[in-house]
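These notes open a run of structures that come right after.
Common to both upcoming complexes is chain A, partnered first by chain B, then by chain C.
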Partner chain A sequence: MPSWATLMSQAFNGLALGTLLALVSSGLTIILGTLGVLNFAHGALFTVGAYAIFVIFQYTSSFLLALLIGSLFMLALGLLLERIIVRLFYDRPHEDQILVTYGVGIVLVEALRTGFGSHAQRVRLPSWGTGVSELGFMMYPTYRLQLIGMVAALLVTLYLVLYRTSLGLIVRAGIDNPGMVGILGIDVRRTFMIVFAVGCVAVGLAGMLYAPVVAVSPDMGASFMAQSFVVIVLGGLGSFPGAVIGGLIAGEIIAITSAFNSAYSEVMLYGVMALILVLRPQGLFGSEGRV
Partner chain B sequence: MSLLEVEKINTLYGDSHVLFDLSLHVEDKEVVALLGRNGAGKTTTLRTIMGVLAPRSGTIRLGGKPIGGLPPSAIARIGIQLVPEERAIFGSLTVEENLRIAALTAEKPWSLDRIYGVFPRLKERRTSLGKTLSGGEQQMLAIGRALIRDPRIILLDEPFEGLAPLIVRNLVDISRELAAEGRTMIVVEQNVAAALSFADRVYGLNNGHVVYEGSAAELRQKPELMTSFTGVGSHAAG
Partner chain C sequence: MKRSAGPLRAVLPETILALVLVVAPFALPPLGFSYDLLSRVLNWGLLGLGFDILFGLTGLLSFGQAAFYGVGGFVTAYLLVSGKVASVWLALGIGTAAAGLFGLLVGWLAVRRIGIYFTMITLAFGQMAYFIENSPLSDFTGGENGIAGVPVPTLGFGEGAIPLSAGLPMYGLLAVVFLLGFALARRIVMSPVGTILLAIRENTGRVAMLGHDVPGYKLAAFVIAALYAGLAGGLLGSFQSYMPPDAFALETSGQLVVQTIVGGVGTLIGPLVGAAIWLWLRDNLQLVPGLGAFWKLILGIAFIGLVIGLRRGICGEIAHRMNRRRERAALRHEAAITEALEQSGAAVATETAKAIFASLPLAAPGGTAGEVALSVRHLSRHYGGLKAVDDVSFDIRRGTIHAVIGPNGAGKSTLFKMLLEEVSPSSGEVLLFGERLTGLGVTRAAQLGVAKSNQLNQLFPNLTVRQSLRVAALARRRGKLRLDLIRPAASLPEVEAQVDRVIDALGLHDRAETPAHILAYGEKRRLEIGMALATGPNVLLLDEPLAGMSPAERLATRDLIRAIAVSRTVVIVEHDLDAIFQLADHITVLHEGRLLAGGLPEEIARDQAVQDAYLGGLHADEPA
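What follows is the complex of A and B.
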């Protein structure tokens, strides 16, 4: 039985992982819900984000400035990928969409491997994120606390875009019934490029913020990719609240199980997913018969 | 020149031919009813006019301008608005958001208050999610979404289907008021009596062909004329 202190610190680790998974999965789920494309390059885009901060943070002393430049880079990459590749596959079968995005992912990861090598490399912590914080009941790394706060702020921003803007209105309606959005005079495909790019920025930012916690390596996105699939199934395909709640649940399951025996953390995650799917086949926040 | 002219359209679902050289026209401020059995091609006609289905041949003109082959979003912006049979309410949006998204691309949208004036029930439920509405409320919202765009023609597909008699009476009254205000509409309805109560003119459809054209007043007096396309005559009007 792990100590109380270990459990508490794992609960915080779970929160950090959970918010990151929520951000990664939000990007995945709004792209899936709106475009109908399951983006298998999502894990690679997480890695690209991590390498973006690795490179940019070497040239500027400001972590926040590096995040901003990295986000603009992810935005540009997202727009480019949608325009030159993904757009050509909207009318193709889902298998083709999966194959082409999987291929894009391989190209991105191998490009990183060629450019930076396969070995893991450190990204230094921002100057304001070093050391540990005294929480009264335990000590916890300062940057991890800041990470939770920053990701939470990004999730709130994404919420405001989705629930307080006309673009968000179109995205949410498009997830419900894209055909009817068209019948109401809106060319839903015009929003596809923006949604894909927003999804890329979301997952890229997750990679950037996570980079100082672990070392960056070309394959770091793979486990996030698999876990974010579990999250969107758990939460309900295409549902933003589902991605957030599902992400937090998945993060805690992995972290708390690891406190007992880390070998079982993934087993527990898939076990809980199976259980939820038996009880609610559409996921926690999914609507029946969609996507 | 009629407001809407449909000339000899042929529409197919995959390999199956549904509409055969179908022609009809709708004048400004006129209400036209399409009547016929299930599978006669009524819904297909509306979906073809809206651009959801592309006609294989034939022409569709609104105000003299051809619109055949345009996507639904372009046709909606020109001023044709389909209220689909399944209502297609956005379930995860509130009532008010459903109305606001409908108004987004309209040139001169109605105010929300004007819609709530027509459907007071929608005002009471304006913060409710679409998926929590009753069938009647969904239909009000579906019609409200069309009205808020102030379109030149509304296409109503089975607006009274599956609703309680009291709700149907309420919706028929509202349809009658809209007709009296000079709104142009095409209505497809199994409830022949309800449709005839506010239509000016009727097309009878059978197996994708127009088999009858006449005034609604004439059919109200001689329901036996409907046998060619409903098969049940006076019974259907009861």
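What follows is the complex of A and C.
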């Protein structure tokens, strides 16, 4: 039985990983819900975000400025990908959409490998994020606390965009009934383009914020993508609350299991997914009848 | 079938493949294909055979095949290296079976969801297998180190046994295994199961409605794919005398998908060709100075291009081009017939149709086979506060044409969907010859002898008329799930006779080999009804059979319905009241979800309440 302090710090690690997974999965789920496209390049886009901060942070001393430039870069990349590739696939079968985005993922990862090599890179912590903080009951790395705060702020922003703006209204309507939105005379193509780009920014920001805590390498995104699939299965298709809560659950499952036996952390996550599939196949927040 | 089935022609693809496999090790090494590379290509090809049955034939895209490849590989390797099993052959068999069992478990969970979800779930379980191998089971699997020293199989026993060592002997072994695997996969594709799997890809819902156990067949395809993967995994460890943990990696599943798309999906041989290209490029591009680091980037770009422009892949594209001229001529011919038909509107010979339908087999009625075929008892369906159908009860007598009519929104469609269990009732029940249908599900209801033709056609667009009807006729002849994997699809004489009779009755004789999507509208409607008929139902539900037909086609279809009713019970929902009053023996009228009236056509025509309902109650107190 691990000590109380270990459990507590693992719970915080789970929160950090969970909010991050929530952000990654939200990006995936709004694209999936609105465009109907399962973006298999999502993991690669996470990696692109991490490399973006790696490069940009070398030229500027401000981490926040680097985040901003990186987000603009992800936005541009998202618009470009939607415009030249994803757009060709709206009328094609889901399988083709999966295949082509998988291909995009390969190209992105290999382009990074060609540019930066396969070895791991380090991104330094922002000056305000070094050291550890005293929480009263335990010590915890400062940047991880800030990471939780920043990701939470981003999720709130995304929530406000989805639930308080007209774009968000269209996106949520599109998730409920994709055909109807087009019939109502809304320019679906433009909305799709923006949503895809917003999804890219969300996952890119997750990659950027995560970069200082891990080694940045071309293959770092794959496991995040697999985990975000689990989050979607847990939370339910196209559901923003599902992605957030599913992400937190997944993060805590991994972290808490690690406290007992790290060998089982991932296995436990997939085991819980299997259990949900048996007991509630539509996911915790999904509704019956959706694909 | 018009196909000339000479014994040689039937095995032509296998013969060509055998020749290629014999020539390859002599012709290809100068081009940069070593024996080792050829062996690896065959191993990927074997893995791909199963994947192509799952994805190419059934349309289920799995990103988790590495799990079964890995399970087969590690079980085989562990048994051999730990000395628990001495015979490599036996270990391969156990490894393959283990992969199949794991496939059964994962498949059972995965086939519950379709499309995107299926792909996500297979990917996630692939990852799970990877992590299980890596940590909890690392005492057995060596974790990140894998298992070294896997022995090669031997031919013969004792002193005289010949080891199939790396190089040409191992190539020979893999070539033989691949050839056998290919022949088996082709038999599966051409079997009744293969036809049903193809139909599932084309229109899953209709296959269930005809009485096939769709999840069962999907699971079968999944397990077949897992078995192929397990065997390939077992051979992988054996031929490189080392079982690598990255057999389990997501990358392996992805590479399989890419190779299959490049080589050609749905061609069986495509994954092998794709693997040859991928591995050859990898081995050879890496040697080119300045290009080595880019090989995968180049392949990735090429892959995107293929998916955008040449989705059939190399083999698929070649086959398509070879067939195209012949097909185009046939298509033009078909389209011309279609056009002529749309202008004239052909009639069906009613008298022969009557005889034909009388000779179609009927399902044995369950329970006490009384005079009531279908009994609707207190049936309700509520959507929130809306009572679409509210406490409706009536009986449908055996051998009659029973019409359900009512103004728009009366609840006819909902009622109809509840008869075949497409929609489950909020309360009440439906009895077929006294046996409760409610709660059994659409597949079971179809098996018991209720068939439905839909208001909107639910066809298999790329299946021919004959294939479509065969899928229907197979359902009740074979039961809801039967795995006759190596029997040719057209080898069941009763099924073929049934299909021929329905084709004759529908007047689609000249169109038997035409794909459904080319048919004229009226012909599509007839095929829609014909598929319901070909199951040999006791009770046939027709949802607006006359909708969208020309006047001539209406007449023909009316005659067809009369002919059908000679031998079975017909329940019909239709807006064309003239046709209904001529056709029906008995009419039930629904209004705002409730039963308004029921009786003979004459009684209904005189009924004041019915007239009020149809005219919106206007004429009673206002001048119409």
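Just so it is clear, the second predicted complex is superposed on the first by the 290 of 291 C-alpha atoms of A that agree within 3 Å, B and C clash if a C-alpha of one lies under 4 Å from a C-alpha of the other, contacts with A are read in each partner's own complex, and residues count from 1 in each chain.
Going forward, contacts are C-beta pairs under 8 Å (C-beta built on N, C-alpha and C of every residue); 3 or more make two chains touch, one makes a residue touch a chain.
This structure is a prediction, so every number in the text was calculated from the model and none was measured.
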Superposed partners chain B and chain C on chain A - clash or fit: clash
Touching partner for A:103 - first (chain B), second (chain C), both, neither: second
Touched partner set for A:181, first chain B, second chain C, both or neither: first
Chain B versus chain C as contact partner of A:4, first or second or both or neither: neither
Contacts of A:38 with chain B and chain C, given as first, second, both or neither: second
Chain B versus chain C as contact partner of A:90, first or second or both or neither: neither
Partner chain(s) touched by A:277 [first = chain B, second = chain C, both, neither]: second
Per-residue contact with chain A, leading partner among chain C and chain B: C
Partner chain(s) touched by A:263 [first = chain B, second = chain C, both, neither]: second
Segment of chain C that clashes with chain B, given the candidates 402-410, 456-464 or 492-500: 402-410
Where chain A meets both chain C and chain B, residue numbers: none
Chain A partner contacts - residues on chain B that touch it in the complex: 50, 52, 71-74, 76-77, 81-82, 84, 88, 90-93, 97-98, 100-102, 104-106, 130-131, 145, 149
Residues on chain A engaged by chain B in the complex (per definition of touch): 166, 169-170, 172-173, 175-177, 179-188, 287
Complex contacts: residues of chain A adjacent to chain C: 32, 38, 85, 88, 94-96, 98-100, 102-104, 106-107, 110-111, 113-114, 222-223, 226, 229-230, 232-233, 237, 262-264, 266-267, 270-271, 273-274, 277-278, 281, 291
Of all residues in chain C, those that touch chain A in their complex: 55, 59, 61, 109, 112-117, 119-121, 123-125, 127-128, 131-132, 135-136, 138, 250-251, 254, 257-258, 261, 293-294, 296-297, 299-301, 303-304, 307-308, 311
